[in-house]
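The structures considered in this document are given below.
Next, two complexes with subunit A in common: one pairs it with subunit B, the other with subunit C.
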Partner chain A sequence: MAQTVTPGTSPEGPRPSYMYKVVLLGSMSVGKSSLAYRYVRNDFRELLPTVACSFFTQMLNLDEATVKFEIWDTAGQEKYQSVCHLYYRDAHAALLVYDITNKQTLSRAKLWLEELEKRFLPNEIVIALVGNKTDLAAEREVTTEEGEEFAQTKGLLFMETSAKSNHQVNDVFMGIVQELLRREKEKASKPFPHGRSTVDLRASEARTRCC
Partner chain B sequence: FQGYLPANVDRRESTLQRKRKEYFAFVEQYYDSRNDENHQDTYRQIHIDIPRMSPEVLRLQPKVTEIFERILFIWAIRHPASGYVQGINDLVTPFFVVFVCEYIEEEEVENFDVSSLPEEVLQNIEADSYWCMSKLLDGIQDNYTFAQPGIQKKVKMLEELVSRIDEQVHRHLDQHEVKYLQFAFRWMNNLLMREVPLRCTIRLWDTYQSEPEGFSHFHLYVCAAFLVRWRKEILEEKDFQELLIFLQNLPTVHWGNEDISVLLAEAYRLKFAFADAPNHYKK
Partner chain C sequence: FTDVNLNSRNTYEVSRRRSAPEHLPHGGTAPAEPAPPPQEPAERARHRVGIAGAGSSFAEFFTRNFFTKRTKELKPSVQSAPGWKLFGKVPPRENLPKDSKIIQQEYEARTGRMYKPPPPSARRKNIEFEPLSTTALILEDRPANLPAKSVEEALRHRQEYDEMVAEAKKREIKEAHKRKKIMRERFKQEENIASAVVIWVNEILPNWEGMRATRRVRELWWQGLPPSVRGKVWSLAVGNELNITPELYEIFLSRAKERWKSFSETSSENDIEDAGASVADREASLELIKLDISRTFPSLYIFQKGGPYHDLLHSVLGAYTCYRPDVGYVQGMSFIAAVLILNLEEADAFIAFANLLNKPCQLAFFRVDHSMMLKYFAAFEVFFEENLPKLFLHFKSYSLTPDIYLIDWIFTLYSKSLPLDLACRVWDVFCRDGEEFLFRTGLGILRLYEDILLQMDFIHIAQFLTKLPEDITSEKLFSCIAAIQMQNSNKKWAQVFASLMKDNKEGDKNHSPAPKS
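Up next is the complex of A and B:
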């Protein structure tokens, strides 16, 4: 499913390299850009509202593989969503971000999930539900259990984070990478899995980037 | 003055007074409705976005926050077709700073305590900023209505224009699968405010105001000149990811008036060569 950049030819050894496209989705000001910024630059600051989409990359050297993340940080305002679907096309993973101090943003994350379910086959994309702003626990409107339960019923990864105090931000992305790599392995060990034709189709299709 | 004042100098002062009065009548009429159910989302978002604005100016002073909130809320209520769109908040800043600078030295602006200005002066600045922003947005309202057709169209036009003026750059972007929408959407949505320092934006917009359709039509040529300005760097970059990161973070931090003057001169040249010849747009 991932675009393999240089399979097994890295000078360090026979580790495969993968490129994964990750997209951040969620309401306005839940902290999508701050999560990306914390993850890529390990810093936190007040950020301007994202217009359309910001783009980051991050390299990961893991024991089992080299992974390059292509991170697409989208604007939360619905007005921009006319262009948004262009960004999550061909994504390998999605972070559905909500703000634990604002219940509405969880509902919005659920709508995003419906949208993704329409556009991707089950298991075609790794999805994580992320409750951000744990540093504002005093103003919490969504309990951990509520997020967790929803994630469980839908088969999503789940984590609560704080981009501000650097709580579990790395862990979210690591969780995603591990799930993606696990799926790679699963695919490799089952040479003719059910639904293989879908994978073939995607692989033979010239990978055209869209916005 | 964004063409909202009459050409006749004698009538200016009275028009200005009338417009200011009119603005504060709007405030009286609408501002209390900001916590009503149907408006509270708009107000809430404006309230959240203002502290997140360009950190170069007068940031987080309570007085400034208050004024910006009122200007943006009133505009959103009076323009229900577009309503408040993130990015519009940026557009108030240049006008506000220019008007404040009439009362202080330009160098002071970053540390200046706005509340030290007399209340009446502040009110005039607020009303004038509102009308200037309104007038500006009137010319580009389809940028901010549903699905932002104005922006989509302008990005497309930019692409066509660039393919005519610098085919090599255009092909290079195309080869590396970089789409204009991925970087130029923001150029249109925020009128290059996010791409250059505020002092440059003010200089740039000053020229836009003196051009017919400056903020819509002429802006396109400026964007084309702006892109081609980086042709060397663009052509050296051979990787989609690096290209996009470069285009979304152009190194303009140290730009000054001179850079904008060069950019404008190039834009005028392009306009002269390509304007009113729509076939030049097309392949």
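Up next is the complex of A and C:
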């Protein structure tokens, strides 16, 4: 899991810094780009449709670590599915986004989960289910319980958000970071099976080439 | 006073739209300024107040040239002018502004008054220079109720004041020169376009097949097509292999309309399920078109709901999904259709759209045929390594593959990634050279930003290339594209690509590419 472990310099001594790749997956127009935009720029606006993939970064200075998020915001249209594995490979976390006013988008998120389960080992990736557009509560088609229940049975983080009214967007990413750091600690307390704790930054950032 | 300033802003906009460069005082032969007629309050007010206020000196310059005309006759047409037709359906010189002297004469004839030059002291001689707030700063003595400054202090203040004003003046003059230079270049460009239009219309278009491949035409083509012939040349160059007629377009359009109608009638029901997945797919496609149209060039405000081209874009895309259900609507298409609509009439736009998307490269991408896309990427990388070896290695060291940035560029033919005018110029040469030019343009962009990219890591490169700087200029980009050689050890793009395709066929037998996670 430890992707980038380089000792940071804080007064209390070395503080680890991590780089995590987070990928946003989900149907078209559920608000993937808007969530990323809200989180990184704290703004909401009409965004162009994403073709293929767009990218964001965010630095977090936490008490226990410095975290750099690489956010990969993918195109939602199903037609793009055959290239999507290019984008989620080597991800540390995935946000499966659906639109609470459109039931079909939840089914689509479930399909994404199946796909991820095929490609990743259970502990390789942190997955969060995100029901977006709570500002459109009047048009709701998916109840909070429904999303929550599904997330629970699959062991996913769950949250409902609104990128438009800035509802719990930050919390989603914080939830992910906490979980990633928790797993990091868990791993550190166990013996290293592969001795990966001192991975060189450059080597670890290199991605395995696909195909 | 506020009113006055707002007015002059409007005028500036108008004068700009009306092909302003004619009125530049270039080469020292500045056109005589029209008289500030008696009813010109802005001029008066400005002098009286002594501070030029919010308007820039440049705007004021145009204000003066057009003030007379505007107040008399331009104003109503200005307010109703919609300004949509920015993109070439209007011949560029249709609205040639009149020379200021003519305006003046007309004015005199109308008012029956002769132009009296105002006393020199009332007007500034140097029209390049208008005071901004800094240079119009007034040094006041202390109010009478406060103790007067000492002589020394007063002198020092005077000196500081002079220095401040001199500095500001210098800066403003420099800026004025810069602006003048830009305008002169723009003027030159317009002249070039005007003469190019004549050549295209009179010589090339009537003899299209005979001339299109000649060196002279190719060179002229590289310079960019004049907006007024752009659509025509694109149509001719893309061709109509599919033999689509305007009537056929109407048929598919009415089919699309029927479908929309039935879709909106049943959309609230869940009876789509028994109709099968393919129908649901198509419905989703139609729904998606609606979503995407409003997100196509949102800054132009013409494709959005209520905008003048909203329905057109909807029609062209809808008709296409009926015409090619095997391809359907794919995100990115709306940008291509929009650019065509800006340059062609509806049916012609559809014909060009369908034929353009039928080209092998576009078909591979819009079908999201990943193995074919990989061939294109591989060919691209051959030329990437050849042309920009250092950057190629840099990208390699981060395992940054072309799919990260090329998919977006190729899908939308750069119309989403580059400023629209620049994208159109890329399309011009794409129509001349075919798919290879799309990849050459990509390499041109990489070359243009090579130094910056060499300093960046993976994610920053990805971010940078998927959101290019907005100030990218056509001169710079095209000189970089020109420097890209599309020859690899004597093999051209088509040959390199063909040999990759052959490798693929041979390799298929014992190796199937599987993504690893």
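Just so we're on the same page, the second predicted complex is superposed on the first by the 184 of 211 C-alpha atoms of A that agree within 3 Å, B and C clash if a C-alpha of one lies under 4 Å from a C-alpha of the other, contacts with A are read in each partner's own complex, and residues count from 1 in each chain.
Throughout what follows, contacts are C-beta pairs under 8 Å (C-beta built on N, C-alpha and C of every residue); 3 or more make two chains touch, one makes a residue touch a chain.
Nothing here was measured: the structure is a model prediction, and the numbers come from that model.
Participant: Subunit A superposed: clash or fit between subunit B and subunit C?
Facilitator: They clash.
Participant: One more residue to check, A:Lys190. First (subunit B), second (subunit C), both or neither?
Facilitator: A:Lys190 contacts neither subunit B nor subunit C.
Participant: Just to be sure I read the superposition right, which of the two partners does A:Arg182 touch: subunit B = first, subunit C = second, or both, or neither?
Facilitator: Neither subunit B nor subunit C is touched by A:Arg182.
Participant: Looking at subunit A, which partner touches more of its residues: subunit C or subunit B?
Facilitator: Counted on subunit A, the partner with more touching residues turns out to be C.
Participant: Could you tell me if A:Arg41 is touching subunit B, subunit C, both of them or neither one (first, second, both, neither)?
Facilitator: In the superposed model, A:Arg41 contacts neither subunit B nor subunit C.
Participant: Counting only touches as set out at the top, which of subunit B and subunit C does A:Arg119 meet: first, second, both, neither?
Facilitator: In the superposition, A:Arg119 contacts subunit C only.
Participant: In the superposed arrangement, which partner chain does A:Lys79 touch: subunit B (first), subunit C (second), both, or neither?
Facilitator: both
Participant: With both structures aligned on chain A, tell me which stretch of subunit C collides with subunit B: 27-35, 81-89, 99-107 or 189-197.
Facilitator: The stretch that clashes with subunit B is 81-89.
Participant: Taking the stated contact definition, name every residue in subunit A that is touched by subunit B in one complex and by subunit C in the other, in rising order.
Facilitator: 28-29, 46-49, 51-57, 70, 75, 77, 79-80, 82-83, 86, 208-211
Participant: Which residues of subunit C touch subunit A once you look at their complex with the stated criterion?
Facilitator: Residues 284, 288, 291-292, 294-295, 298, 328, 330-332, 334, 368-370, 373-374, 397-399, 401, 403-404, 407-408, 411-412, 416, 457-460, 462-463, 466-467, 513-517.
Participant: Tell me, which parts of subunit A touch subunit B in their complex?
Facilitator: 28-29, 46-49, 51-57, 70, 75, 77, 79-80, 82-83, 86, 208-211
Participant: List the residues on subunit A that touch subunit C in their complex, please.
Facilitator: 28-29, 46-57, 70, 75-83, 85-86, 89-90, 119-120, 202, 205-211
Participant: For subunit B, which residues count as touching subunit A in their complex?
Facilitator: Residues in contact with subunit A: 45, 48-49, 51-55, 85-87, 89-90, 144, 146-148, 152, 177, 179, 181-182, 185-186, 189-190, 194, 240-241, 244-245, 248.
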